[in-house]
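Shared between the two complexes below is subunit A, which has subunit B as its partner in the first and subunit C in the second.
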Partner chain A sequence: MSKKINIWVLIAGAVVGIAAVALTALGNPANMGFCIACFLRDIAGATKLHSAAVVQYIRPEIIGLVLGSTIIALATGEFKPRAGSSPAVRFILGAIVMIGALVFLGCPLRMVIRMGGGDLNAFVGLVGFAIGILIGIFFLKRGFSLKRSYTATKVEGFALPFVMVALLALVLIVPTIFVFSESGPGSKHAPVLAALVIALIVGALAQKSRLCMVSGMRDAIMFRDFNLLSGFAAIFVVVLLGNIILGNFSGFSAYLQPIAHASQLWNLLGMVLVGWGSVLLGGCPLRQLILAGEGNGDSAVTVFGMVVGAAVAHNFKLAGSAASLTDGVYSAGGIATSGKIAVVIAAVVLLVISFMNIAKKERN
Partner chain B sequence: MREQQLRTVVTFHTTAEAMALEQICKHRGIGGKLISAPRQLSADCGIAWCAPVEETAAIRAAIEESVLEIDRIHEIMLYV
Partner chain C sequence: MVDARGLSCPMPVVMVQNEVKKGNPNSLTVLVDAMVCVENVKRYAASQGYSVTVTEEDGEYKMELSK
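Coming up: the complex of A and B.
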C-alpha cells in the first residue's frame, strides 16, 4: 500500500530543525538547540534534585513544548484527559530512558541534531537506537502491553501543563528559589522569551503532526511507512544546511564534538536503552511531553520518571562526561564504572518488564 | 496516480490488541494489514488494522468471537 506523506510531518520536522539552529545561534549549547533529556536534566538541577553545578537551568523550551501542545489540542478538540496504563512501570521506564539518554548525552531528537552537526558519535547512537527499537518491536509482536488507558478527570489531564505554568510563574516571580549554572552547558541559553515562543510553535506543530522519533522508525520497520520518519529526515537535513550556512559545520568527525564523548560502545548501549524503553512506552521523550500536553496522565508520569532518572543519573555519576580540550590537555570523556553498571542493570530491568508484560491470552 | 479508496480501519487502545487482531485475521483468512494509524483517527497506540470494506462483517465477527477489546471501527477514504 503506497502512503501519502503527511505535509504536517515535513513542516514540523523542518521547523524543529530551524528552531534548533536558531536556539543554538541565540545562545543554547552547540548541537543542543533542542534536547528533551538534557533540558529535563537541567530543570532537575535547577530545582535542586541533583547538584551537578554545570547543568542547572529552568529551560523554557520544555515549558513551551508542553503548553504549545496543550493550546493546540484545546483549540482543535484533541485535549483528552486519560490515564491508568501501568503508571508505575511507565515511571520506571521514563527513568531508564533518561539514564540511557544521559549516558549517550542526548535524547533521540538531540541525536538527530548532533548528526546534522557532523557528530559521528551520534551515528553510532542511531545504530543503538535502531537496535533498541528492534528489541522493543520483538516484544510488541509477542503481545507486550502496558494495558489500556481510560478517560480521566480534567485535573489529571492538566497535571503536567499546570506544573509547567507553575514553573514558569515561579521562575519569573521568584527566580532566587532555583539554582542556575554559572558555567558549562546549563549557563548557555537563548533569551527566555525567544526560547518560550519558539518552543510553543514547535510544541503545537509536534502535536498536530504526531512527530515522534521512535514511532517513525517503528512504522518504517513494521509497515514500510516512512511518513513519521520523513520528519526525522527533515530535521537532519535542515540542521545540516543551517550549520553549513552559519559556518558551524566543519565536516563529519567523532573527535571533540560539542557535549559528546567517543566511548562508542556506551554511545550505542545508551541509545539501545532509549530505543527499547521508548517503544515500550509508545513514544520518544519529545512525544511524551506532547502527549502529556494533550491530557495524557500516563505520559505526565513518564515525564516525572524522566526528571527523577536525570537526578539519579547525576547524583550517582551515571551520566556520560563530554570530551574536552582544556589548556591543550585532551580528555576523552566517557562513562564512569557506575554508569556502565547502571546501563547493564537498566537493560536487565527492561528485559524483566518486557517479559512480565506479555499477554498470555490465547485467541483464534 | 494514487487513488483514495474506502477502507475499514480498526483502532485500538493497545498495540497488543492490534497484533492480536492481525493474528486472528491471518488465521481466518481475512484480508487486511496493520498500518500506522491515520492522522485523522485518534489512536492511543498509533497502530490500526486496515482492510477492504468487504471484510467489515468478518472483522466484526472475529472481534466479537475473540472477545478482543478495540477502540472503534471506522470506514474512511485512504490512499492505497
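Coming up: the complex of A and C.
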C-alpha cells in the first residue's frame, strides 16, 4: 500500500545523515556523529554520575537537539506543557532502554549510522530492534497504555530545556566543575559551536518531521504506514554515501568495527530491550529528547531515567566493551556477566510492565 | 466516538483502528489534543478511505471521519 510520505521526514533523515557524517569528520568518534544513548552517557560521566574515565564529556549535541526542538515548537505554536502519563514507569523504561543501548553500544540512531558505516554487527542489532518492536506491538494491540497525560504548567514544560540551558551556561562559564575524558570516545568531539549549531538544526527538523527510529518500523508493521520509516532509510543511505565519498567506507564487515563488539547474541538482545522499551514509551531516545523539548514532562522524566540508566550501566559494568586489536591479538569484545544478568532482569521488568499496563475495557 | 485526548502515539491510531476493524463505521468522531496525533490519525483514516475534517478549540482537536 503506498502512502503519502511527508517530505519533512525525508529532509530530516537526509540532514541527520549529513550531520552525522560531518560531526564525525569534525572530530566525533567513528560511526558516532550522533548517538543519543552514548551522548547522555557521556554527560552522566562528565557530571560524575559514573566514573568511566573514557566516556565523560558534555555533549553539545544533546543540548542542541532539545533546544532546537524547543525553539521551533515555540515558533510554530506546538510547545505544549503536558505530563502525568505514568512518569515513574517511564523513568524505569528510560533506564532499561539505556542499558540495552549500552549493551549494544548505541541507540537506534547510532545503529543506523553504524549500518551506514558498514558495521555488520549493527545489522544484528537491527534484527533485535525489530524483534523488540514486534514484542512491543504485541502488547500495544492487547491494550497496553501508560495512560493519558494532562496539560501541565510552563515550568514542567520547560524542565528539560532549562536543564540544557543551565548545562550549556555552566560548561561555558565554569567548565572545571565537570570532568572530561582525556582518552577514548569521550575525548573525541567536534568543536563545541559546530556541534551545537548542527544539533539545533537537526533538533528543529526532527521536531517538525516527528522523526523517530522506533515509530518508523512500528507504523510500517501496525498500520502499513511507511512515512517515518522513510526517514530511517534516508539516514542509512546518506550516511553510507557520505562514508563512501569521504573514503571512510571499506565494505561491510563485523570485524573490528569502531566502538562496537561482535558478541552477536548480546548485540541482538540489547537491541530487543531498546525496541521493546521504546515502543512502550512511544518513541526512541531521539524522539524523547525532541518531545521533552516541546514541553512533554513525561519525556523529560524518561531522559532523566536514561541518564540514570547510563550511570548504572557504567557503575555496575553492564555496558559492552568494544572489539580491540592489541599487539596483534584480536578481542571480539562483548559484555561481562553482570551485563548479561542485567539484560535478563531488564527483560523480566519489561514483561511485568507490559502485562500490568494492559488496560481494562473502560478508560477514565 | 474515540476520545484519545492526552494519549501519545500510537494509541490514538490504535483506538481508531480498533473501531474501524470492529464495525467499519461510515462516520467516526475522534478527539485528540496534539497536532502529531491529528496527522497520524489523518494518515491512517485516509488509508482506510475516510475523508477527514478537523476543528480546533482550546488546543484540542475534533476530527470527523466520514466515508
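Just so it is clear, the second predicted complex is superposed on the first by the 359 of 364 C-alpha atoms of A that agree within 3 Å, B and C clash if a C-alpha of one lies under 4 Å from a C-alpha of the other, contacts with A are read in each partner's own complex, and residues count from 1 in each chain.
As a working rule, contacts are C-beta pairs under 8 Å (C-beta built on N, C-alpha and C of every residue); 3 or more make two chains touch, one makes a residue touch a chain.
The structure displayed is predicted, hence computed values, not measured ones.
When the shared chain is aligned, subunit B comes close enough to touch A:Trp8, but subunit C does not. Contact with neither subunit B nor subunit C is seen for A:Gly106 once the two complexes are overlaid on the shared chain. Applying the stated contact rule after C-alpha superposition, one finds that A:Gly231 touches neither subunit B nor subunit C.
Touch criterion met: A:Leu140 reaches subunit B and subunit C at once.
When the two complexes are superposed on chain A, the residues of subunit A that touch both subunit B and subunit C are 1, 3-4, 6, 78, 80, 82, 85, 140-141, 145-146, 148-149, 210, 215, 219, 222-223, 225, 227, 282-283, 363. Only residues 1, 3-4, 6, 78, 80, 82, 84-85, 140-141, 145-146, 148-151, 210, 215, 218-219, 222-225, 227, 282-283, 298, 363 of subunit A touch subunit C when the two sit together in their complex. Of all the residues in subunit A, the ones that touch subunit B in their complex are 1-4, 6, 8, 78, 80, 82, 85, 140-141, 143-149, 209-210, 212, 215, 219, 222-223, 225, 227-228, 282-283, 359, 361, 363-364.
Those residues of subunit C lying in contact with subunit A across their complex are 3, 5-11, 13-14, 17, 33-36, 39-40, 43-44, 46-47, 59. Against subunit A, the residues of subunit B that register as touching in their complex are 2, 13-17, 19-20, 23-24, 27, 33-36, 39, 42, 44-47, 50, 66-69, 79-80.
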